[in-house]
Amino acid sequence: MQNRHKKLANILLPAALMTAVLLLWEWYVRHFGVPLYILPKPSQIFETLVLERTVLFSNSLVTVGETLLGLLIAVVAGMLLAVVMDALPMFKTAIYPLLVVSQTVPVIVLAPIFIIYLGFGLAPKVLTVMLMCFFPIVVSFADGMEQIDPNQINLIRSLGAGRLQEYLLVKVPGAASALFSGLKVAATYSISGAVVGEWLSSDKGLGYYMLRAKNGYMLDRVFACVLVVILLSLAMNGLVRLARLVLLPHERGGRRQAPEEV
Amino acid sequence: MQNRHKKLANILLPAALMTAVLLLWEWYVRHFGVPLYILPKPSQIFETLVLERTVLFSNSLVTVGETLLGLLIAVVAGMLLAVVMDALPMFKTAIYPLLVVSQTVPVIVLAPIFIIYLGFGLAPKVLTVMLMCFFPIVVSFADGMEQIDPNQINLIRSLGAGRLQEYLLVKVPGAASALFSGLKVAATYSISGAVVGEWLSSDKGLGYYMLRAKNGYMLDRVFACVLVVILLSLAMNGLVRLARLVLLPHERGGRRQAPEEV
Amino acid sequence: MKLQTEDLAFSFEGRRIIDRLSFAVAEGEFVSILGPSGCGKSTLLNMLAGILPPESGRILVDGQEISSFSSHFAYMPQQDLLFPWKTILDNVCLYGRLHGTERALRLRAKESLPVFGLAGYGNSYPKELSGGMRQRAAFLRTALCEADVMLLDEPFGALDVITRGEMQDWLLGMRARLGRTTLLVTHDIEEAIYLSDRILILSGSPAHFQKEVRIEDRERNREWLFAQRARYKEIYYFLKGESDAH
Amino acid sequence: MKLQTEDLAFSFEGRRIIDRLSFAVAEGEFVSILGPSGCGKSTLLNMLAGILPPESGRILVDGQEISSFSSHFAYMPQQDLLFPWKTILDNVCLYGRLHGTERALRLRAKESLPVFGLAGYGNSYPKELSGGMRQRAAFLRTALCEADVMLLDEPFGALDVITRGEMQDWLLGMRARLGRTTLLVTHDIEEAIYLSDRILILSGSPAHFQKEVRIEDRERNREWLFAQRARYKEIYYFLKGESDAH
Amino acid sequence: QDKQTPGGEEGDLREVTVILDYIVNTNHTGLYVARELGYYEEAGLKVNIVEPADGTTLTLIAAGKGDFGVGYQEDLTYALTSRDPLPLKAIATVIQHNTSGFSTHVSKDIRSVADFAGKTYAGWGSPAEEAIIRACMEQAGADFSTLTMVTSDGSGYNALEDRVDIIWTFEAWDNVAAELDGVPLNYMELRQLDPRLDYYTPILFTRNDLIEQDPELVRDFMRATAKGYEYAIENPEASAEILHQYAGTYSLEMLTKSQELLSPKYSEDSDAWGLMKAEVWDNYTGFMLEHGLIDRAVPAADCYTNEFLP
């Protein structure tokens, strides 16, 4: 009972606050007569969202496709790198600072280089997504493996496990929970990654749509597109939660570890 | 002894890997005759860095100023919000999803709105930095307070502490370590935040310099500037580590908690 | 009676943990509460310390009803709970910090450090101390409260046999010095026998007191303790019977 | 002799923990190792289990020297260390999983579940079990190893008095059934007396065996245990003397 | 800094803010000359010149964050026909004719719009771009659907050799830079392809309420600005040197070359610098309407005025 109340509150309270913010925004724009080209009214944004739904939908498909592909590659590559880092501490020491540093290079500088080597197609957008998602995945998974109780590893060794089995039976499943935390962050921002990629060079997708709407002073469309980006980001987050439930059955119904996860 | 060796390795190994990457890059550009407008040679970048040092230095001062101001505001506002969230769980439930969602809105959409409401001066850049740093600070501090052993709070209550003293004596110092973790992430990306802000509208600073260099197809300058951004980001990271050492004396010389922190 | 409860009751999430709990402790008496894990011992102490509000029933100190936090109780929790960011001296003077008497308390604390085996450790941080020393510091923090009833929740639970034995010896020696009414919660039958005037056995679900063992001997030491086998057996089998019954 | 060590030594970070450690255990014997916290008991078991390499000295099983992991030992660590992401059945069959005999082992495990008080819990996850049940599952995992020496590192350290007593009773009952050579590390003097044929006291720094107590009685139960006061005192004072000396 | 309040320490100078369309280039020479040679001061003005965030100039002027902006006819038409029109008006054209066009690398052998079929075009993602290219290609009988349109990565003419085939360039800027760089380009001037495409780019514009409330200020500003451009027309080399102080990242050689090309074009075929014709506005508005870029026409009179030109 109490639990269900809590779940309801988890949805209702943010929704109520969101509604309050939107109403305030609507009032502000109406009351001060803020013109469309500066800030559109929420009501106008929703109207546009409905009007433009087919265009937004078809562009969303493109963006979601890029996102999923980029995320998939980031997960596979990130997990592999994390395992190599865990197995070779020297390598980890060497590469960790470079990973951090790589995160501070503005995407805008890298974009032309991506295009030069990957062309204008799908690849550079997928790479942008990958770059954004790679870091949280590697870090969370590597840290998760590092924080595994060494006694668990000793135990499995005492049962006669080799290096490979140590990873398959203890380190990877033991760090899965940490990996999902990183993945949730990565997935939430992955759509934005694809949009930035499209913004920089594209002929379709939400980023392209947004750029065009902006150049045409159609801020209602820009914001409607932002709304779609937000919804898709939340959906990606939900997807990861779902995957967690399916892949980690033992965590189901357990106490929440960090009560307010992203 | 062993500890000192480890510290040395922490510096030498990444440096060695970095050098290897740079050498490979240099070789690649020379061997395939890659033109400057596609990818400059590392040697050329360093040369440019030296030649442009005064210009880069004066622009750096501007960027660092914006960064520090933005970071300071983010820390103060972020800590306050986290405390309010901790004190009012309903409010926390309501606002947390909005905080996450706000992170997925592309900065580029917000830029004109910032300028309209804040002008061309320092304010919009400081706000960009703040927006980037705010989230990790709030989340890490709020989570840190949430994860404090409730027994510690019970103890201080049993000693007669009120709500305010509970925060001053237990929650804030108890979550300080978590706060610094978030702060380290925030500080590392803060310089990039200022650069993006300058990129969007400015007449000075590293972002402005980079934009001009890029529009002039002077990729050696762009990369020299990126190098400065990276170095400043690392310096900001170091600054937070230093602040931690000074402000949390009890953590000094202690075991490292998460062995490979950012 | 120094401390008295009348029909205390408490529930967590709709489940009644403690029911119709009435007992009394005389001035200066040392009472132990023994009971199986999860029976509600900590919950009881938390109600006395004003951390949890009783669902029903009353708590009286010196015949006066109290509610929420009262300065009558000094509470020592299950772990040492020293704040890692404060030095030992700052930790033990927390009560003074909270009640505006820090300066006076620091003087008293400095005098007490050697008595508690902490001479020279006032400016150390908790992590620099051994488990036994931390426990003694937590004890000093409790002793420095201006309260007339000490509530100790398994103070030695985290220590190994020998250190635990030493701390028990030490506490036995301190009893006379402190002369305070004390309520000790413990798992350890031997510890309860060693230290108390009276042992109350809490069990059942919802829990209430099922048995009481009085120990009149005044002269105590390990030798005496080793001779208390009959008592030990009695309590052991009682508890075992209780736990088998559930 | 089933198991023998010759002049074992081990250091952590340049500090010698264990030195000149020689002892022998006969086939089917149950030997306990008692010693103060941090003296190196776990380190010794880890060397036997092949987790840590000895710095010098030899380990012989049935007169043959062994090095690194050997299938002679079944190791049960201080915590239960069940993997939370595996069901109880998968957890207890780990040995089979690692040695290609999973199918056969599952059959045996299913038969053994009721004996270990785990009937019907094969498909549960560890978090759904009580502490005692988890400990028994960890025990079953150890028992299912095809090994002739069991190494138990404080198997009941995390349990409360009563559950601990029950587990001890249970292990005593199992001894005959398993009939295996066993090395038990424990803090608890009573536990060592209750279960062992021989108690070795490890202490000093670097640690080596300081004392040996033989217990010949075959018929044992709690009553018998409560009568062992003299032994208890002897060991307690010896350990205390040792710990005071440092 | 956007206040036009008179006074301050510098006597009675009124402060005005100009927001450029892009980073400083030879389109802006007249503004810098007027500032550097004191023409603005003579007119009682203190002029700040600001470089904008990407594509925000019109919005910022409309919002009152600046007084005068540099923009393009097409953008202004969009702004005036959007759902909530921006209150802006053009007050001068910087160049009389459209000096932009399509550039391709000589090695690609793309000689006319008809050759665009199956090629890749890199632009900045404006809807008008697509319409213009579609119109040009259809006129030339080429299949527009075979053209790949992407937004540019910002590497300009450098991309032409391998990654893309066609880009939109400004003759006096990109083509000069390419020539100095030794990149041989084929150039197709837009106005040769369709006379309706000879629209004004760039233009100077201001806010309607500034015109109404302080026409004198606009007039003063335009007088000094026109004088600056007249000077640039007369003295390409000297004005390039002035510009170089503000655009130091470009070589003086490049600026001089660009200026020499552009100076004669500022008021080519016109009596005076800055004058606009209704016909040019109507032509291009018609083109945009025809191609569905805007959903209603806007009369030329609402778009521009020549009244503030000296």
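A, B, C, D and E label the chains in the order they appear, each numbered from 1.
As a convention for this text, a contact is a pair of C-beta atoms (placed from the backbone, for glycine too) under 8 Å apart; a residue touches a chain by one contact, two chains touch by 3 or more.
Since the model is a prediction, treat every value here as computed from it, not as a measurement.
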| item | value |
| --- | --- |
| If a chain touches subunit C and subunit E alike, it appears here | B |
| Number of hops, subunit B to subunit D, where each hop joins two touching chains | 2 |
| Reference subunit C; chain at largest CA-centroid distance | E |
| Chains linked by the largest number of contacting C-beta pairs | A-B |
| Computed distance of Cα centres, subunit D from subunit C, in Å | 34 |
| Distance from subunit C to subunit B - Cα centre to Cα centre, in angstrom | 47 |
| Chain centre separation (subunit B, subunit E; CA means) in Å | 38 |
| Distance between the centres, which are taken as Cα means, of subunit C and subunit A, whole angstrom | 50 |
| Junction residues of subunit C, two or more chains touched | none |
| Subunit A residues counted as touching two or more neighbouring chains | 38, 116, 199, 214 |
| Interface hub residues of subunit E, defined as touching at least two other chains | 59, 63, 154-155 |
| Chain pairs that touch, as defined at the top of this document | A-B, A-D, A-E, B-C, B-E, C-D |
| Sites on subunit B touched by subunit C in the complex | 149, 151-152, 154-161, 165, 169-170, 173-174, 176, 248-250, 254 |
| Interface residues, subunit D side, partner subunit C - complex | 36-37, 160-163, 165, 187-189, 222, 226, 229, 232-233, 236, 239-240, 243 |
| Residue numbers on subunit A that touch subunit E, as the complex places them | 35-38, 111-112, 115-116, 119-120, 199-203, 208, 211-212, 214-218, 220 |
| Residues of subunit D touching subunit A in the complex | 46, 49-51, 69, 71, 73, 75, 77-79, 81, 83-86, 94-95, 97-99, 125-127, 145 |
| Subunit B contact footprint on subunit E (complex, rising order) | 1-2, 23, 50-54, 56, 59-60, 63, 65, 154-156, 158, 177, 249-250 |
